[in-house]
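Heads up, the next two complexes both have chain A, just with different partners, chain B and then chain C.
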Partner chain A sequence: MSALISENKLRQLAAEWIGSGRRTIAPVAIKSRLLYMPLQSAEALSLDTGARPANTIKEFFFPKAETLYGYRVKGRSIELIEPANPEEQIILAARPCDAAALPVLDHIFNWDFKDDFYNRRRASTTVITLACTEADEHCFCTSVGGAPDSERGSDAMLLALGDGRYEVRCITAKGQQLFAGATEASTETGKAIAVPLRNFEPEKVRAFAVEHFEDPFWAEHTQTCVGCGACAFTCPTCHCFDIVDAGPMAGGVRVRTWDTCQSAIFTQHASGHNPRSSQPGRQRQRILHKFAIYPEKFGEVLCTGCGNCARNCPAGLGVLSVIREI
Partner chain B sequence: MANIYKPDLMEVIAVRQQTSDVKSVALRFLDPDRAREFSFTVGQFGIFSVFGYGESTFNICSSSNWKDRIEFCFRKVGRVTDAMWQVEVGEVIGFRGPYGNGYPVDLWKGHDLVFLGGGIAMPPIRCAVWHALENRAAYGEITIVYGARTVDDLVYVDELEEWSKRERVRVITCVDPGGEKPGWTGEIGFVPTVFGRTELALHDPIALVIGPPIMIKNTMPVLEKMGVSAGSIYTSLENRMKCGVGKCGRCNVGSHYVCKEGPVLTMDTLRNLPLDY
Partner chain C sequence: MNESTQFEPKIIAYVCNWCTYLGADLAGTARMQYPPNVRIIKLPCTGRIDFNLIVKAFEVGADGIIVSGCHPGDCHYTSGNYHARRRWILFRELLDLIGFDLDRINFAWISAAEGKKFQQIVTEVTEKTREMGPYSELYTTGPVELLPELPHTPAPPVTFADQEELQAQARKLLSEGSVKVVIGYGERGPVLVTRPDDCGRLVWNDRSTANLAMYLKRREVKALGPAAIVVKACDERALVVLEKESQLERKELHVIGMACEGLGAPKCAICVSRTPRFADCVIGQATAPVPDSQLTQDRLTQDRLTQDRLDALMQLSRGQRMAYWTQEFERCTRCYACRQVCPLCYCERCVVDKNRPVTIDPAPSTKGNFAWHLTRAFHLAGRCVGCGACANACSMGIDLGLLNLQLAKAASEYFGGYQAGVDLSAELLIGSFAKQDKEEFIR
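The block that comes next holds the complex of A and B.
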């Protein structure tokens, strides 16, 4: 038996969630592209799976700028102020490659030191994915252990029947709670696209990158990179950050902001020495981090095959284009 | 919520100008409970901050035996250190830590110790020297070779003088050719060359080498010639860091996170890592 929900009923549910004050985040069509953003109304929800959003859901767990604490300076005394608790939120119609990044990110935010900024957002969020019915030339989830209907990181998954109805698969209790009483039992099932072809073996990428650390390959194949970091900022798994103070000396906030290994000053020492002084070295770091360093540390690649690095690259690069050359 | 990024508030209890652009600062915890429970291993580092300006990473250069204070030393090179330069006794700054692995001081017991440092590398050597001097019976001969570009760039000069008067301690200071001035009684030359000239007879020594990459590179052959194996030569990496807790993604050398699995490592380990430091 399966459980089905109509598009109308789904929008009704979304309207209820929004109405009850829960932040409900979903893809919204803005001009020609999709972006994950908090819904103002259920009508704004896009259930179009023909394209994937240009951003990812990581910003709702690891915001672009997050206050770590506030400080107030009074003469020679300083008061530190804890930030507010995150609100409950529901992410609706996330792509499986976005949801799959969450268990991958859990490792880095929890080995030894526990990052509760991330953890409490994980706890207060329910993720409902929408299985993909189309893939584009940049998609490669099946190369890195994913699938268009991978349930990894999802609390519930929607699979389109193609007629305005969706199969609802509740994966966790949190997911079940949201859809309780809203579905109808059926024998019909929704489906995702046939699995796209595997493009590469992550292990081969790892072996090449490690063995060719100093190789003209990196300069030859990444020389068009402009170092903008779009690959990292639109990647569901890239998690590098900076910590900066914002606001006047008398009272302000210490903020964690997204950063990228593609920036020239990312690793520059105070002395001026820079271990990664050239763009090819920084591109190599990105490949190494995803396919060698992270797997060695945490047993899985730091990539879900979403292809956003390529879709958003002004120079036509991205993980896949470099890997194809490998 | 446990906020791993929230610093301890520290009162500045002493500031000392070491050179024209280097200062050392002593701090005490404002929270007496934290002061009591706090402990660290020499070689660990902290993240120090001036509110309104930001955070910077420095070695905790005091001895772990000094329970009433922690010290750090910095060179004025940017926004945060410019602000730190203005900080006066009685003011409050932030501190997170201790982070990193520290020196394996127990493993070093029974060995002669050789400390080789260049320029601003003295602070991370200083904490280890004090630790050894305060546990004097546990360690053999202590040799310190410390160099800077010019006489005026040497830091902790008074302590170097004090150490040289201790038993079984040899202190050699040197400045780069051209960096001497009238009355200079130390050596002239680079640390590896000056150290090579000493022709010391050392018994199974442990060496701690900290300084610019070129100094470390040129010191290796000298140590090897003396029969010191790469597994007995330690360094402390100075990769740029932001979080200190293995998350922000910038200090790694290959799969080695300097903030957690370093900053202290042997040349044996370092040789097996990619050239990314």
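The block that comes next holds the complex of A and C.
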């Protein structure tokens, strides 16, 4: 037995969620690109699975600017202001490669210090994925253990039947709760028909990167990296951050912002010395972190194969392009 | 409204140390009364007044701003005020596009002898601002009008210059040893070719849209030795600006020009320069720029739409323009791809990366993003060659091209048709001045 929902009903549900004050996030078409954004109305929801959103859902768990606390200086004392608790949110039609990044991020934000900010958002969010029906040249989830219908990280999954109806697979109680009473029982099942080409073995990448640390390979193939953070900031698993203070002495906020190992100042010491002094070294770091350093600690790769790094790279690089050269 | 509940505007006055500050001093010693609403901030020279300070004043709650210095010809540093005036002309246009209220920013020349004028201006600006009420439109949000979309048109039918000739030329240069690296286009993106045998990696096709001049600023590329670079006529303009700004030794660079009839990018539709003019060699042949009358229907439509977007935005109210940019900048993640791919953003250390002190909030907050995008656009005022690399690189699709276009239009309108990187003999727009520069907005 399966449960089905029509597109109309799905939009009705989304409208209800929005109406009940829950922050409902979904892909929205903005100027010929898809972006995950909070929905203003259910009509804005894009169920097109042809393209992948240019951003990822990590920003709803690990925002690009997270206020850690506010402060106000009053005479000789300082008042600290706690940020408000995160609101309940529902992410609709997320791609499986986005959801699969959540268990990966869970490790990072909980292995020594338990990050309340992340955990609270995680607890107050329900993730509904939409299985992919198309893969583009940049997709490679199957190379890193994912699949176009991987349920990892999802609370529920929608699978298109191709006629405006979707099969709903509720994976957790949270997911079940959202769709309770909204689906019809049926014997039909949906299918993820996207087939990303299986391109590489992560283990070989790890071995190569570790054994060729000082290899001219890196300079040869990654010298054209321009040193922006487009790959890291649109990566579902990249999680490096910086902490900055904003505001005058009298009162302001301490904010956690995204940071990227591709920027030259990421490793710059106060003395001026930079241990990672050239761009190829920074590109190597990105591959190493994803395929050697993180797996060593947590037993899986730090990549879900979404391909956003290549899609958004101004220089046509990205994990897959570099790995292809190996 | 009785006096006690009357709105009292906060006015910030940025004044120069040598004229206006002494003017204010004179007003004080002469016991001339003026409203206490003004907070004076003294700076060495109007030429030193960073444009971000103007925006910052609004952020900390100013309702009106006065910027004032020595009369033209009287600058203590000879020409600081002339340079400042030229920047104000352009900066006002940028602020206008973003939706700042220009009526709240007052420029004046006040000399050390003009205590009376200082008194007058402070009084008048205070009155005016009081009538306007508190400034509440800063970074306003709200429903946003949709601008006309640029249609996605396929590349026009073009004849490409010979890719093999390009490869042969590169091979020759590398074999001779006159250059150590060829910066060119590859199958998946830019490539740096250092060995004659690798020249087969060079391609020339409709994806050769990037402006490779961005690599000339990179330390890793400089370290490779003398370079040859593949440019189109549009990219070449960046080389002209870089040379004029002493950022490259033209003699040490080998420029391989590609004749180009357009690659299907929006900018190609309005391109009038098909053949590089300053290249050491030009590969292929392009027809002469097509006269307007012969432009294909497609190109005409696109050309009009590019301008239309800017016009449509300018026709919105100030508040709506601000709301438009609030929504655009909201998406910014501060990945700085726009800066990294810009051939003319070459500072060793970008102002936004400086943290002692922090001048631009490094967090992608509303004010941080406004400050960043204002800074990026304005640092390119009169310098941007319109290659569109920044907007192409933006993964969030922020309309950076509109900011650049507005400044390019202003440069052309107020400075005798000035276009950056077109004329080798023209003086740089920023860094020079003319005594007759526009001045009717200054009192």
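The criterion applied here is as follows: the second predicted complex is superposed on the first by the 324 of 326 C-alpha atoms of A that agree within 3 Å, B and C clash if a C-alpha of one lies under 4 Å from a C-alpha of the other, contacts with A are read in each partner's own complex, and residues count from 1 in each chain.
In the analysis below, a contact is a pair of C-beta atoms (placed from the backbone, for glycine too) under 8 Å apart; a residue touches a chain by one contact, two chains touch by 3 or more.
What you see is a predicted model; the values in this text were computed from it and never measured.
Looking at the shared chain after the overlay, A:S41 reaches neither chain B nor chain C. Touched residues of chain A, counted separately for chain B and chain C, are more numerous for B. In the superposition on chain A, A:V244 makes contact with both chain B and chain C. Of the two partner chains, neither chain B nor chain C is touched by A:N8.
Looking at the shared chain after the overlay, A:R276 reaches chain B, while chain C stays out of its contact range. In the superposition on chain A, contact of A:T172 is made with neither chain B nor chain C. In the overlay built on the shared chain, the residue A:G229 is in contact with chain C alone; chain B does not reach it. When the two structures are aligned on the shared chain, A:S186 is found in touch with neither chain B nor chain C.
Contacts of A:C261 after superposition: chain B is touched, whereas chain C is not reached. Applying the stated touch rule to the two superposed structures, the overlap between the chain B and chain C interfaces on chain A comprises residues 242, 244-245, 248.
For chain A in complex with chain B, the residues that touch the partner chain are 68-69, 71, 73, 76-78, 80, 82, 85, 108-109, 111-117, 120, 210, 213-214, 239-245, 247-250, 252, 254, 256, 259, 261, 266-271, 273, 275-276, 281, 285, 288-289, 292-293, 296-297. Those residues of chain B that touch chain A in the complex are listed here as 1-7, 9, 49, 51-55, 75, 77-78, 81, 90-92, 212-213, 238-240, 242-243, 245-255, 260, 274-277. Within the complex formed with chain C, the chain A residues making contact are 30-33, 35, 54-55, 64-65, 219, 223-224, 226-230, 232-234, 242, 244-246, 248, 255, 257-258, 260, 263, 265, 278-280, 311-317, 321.
Put simply, chain C touches chain A in their complex at residues 60, 149, 152, 186, 188-192, 210, 214-215, 218-221, 331, 333-337, 339-341, 353, 355, 358, 361-365, 368, 389, 392-393, 395-397.
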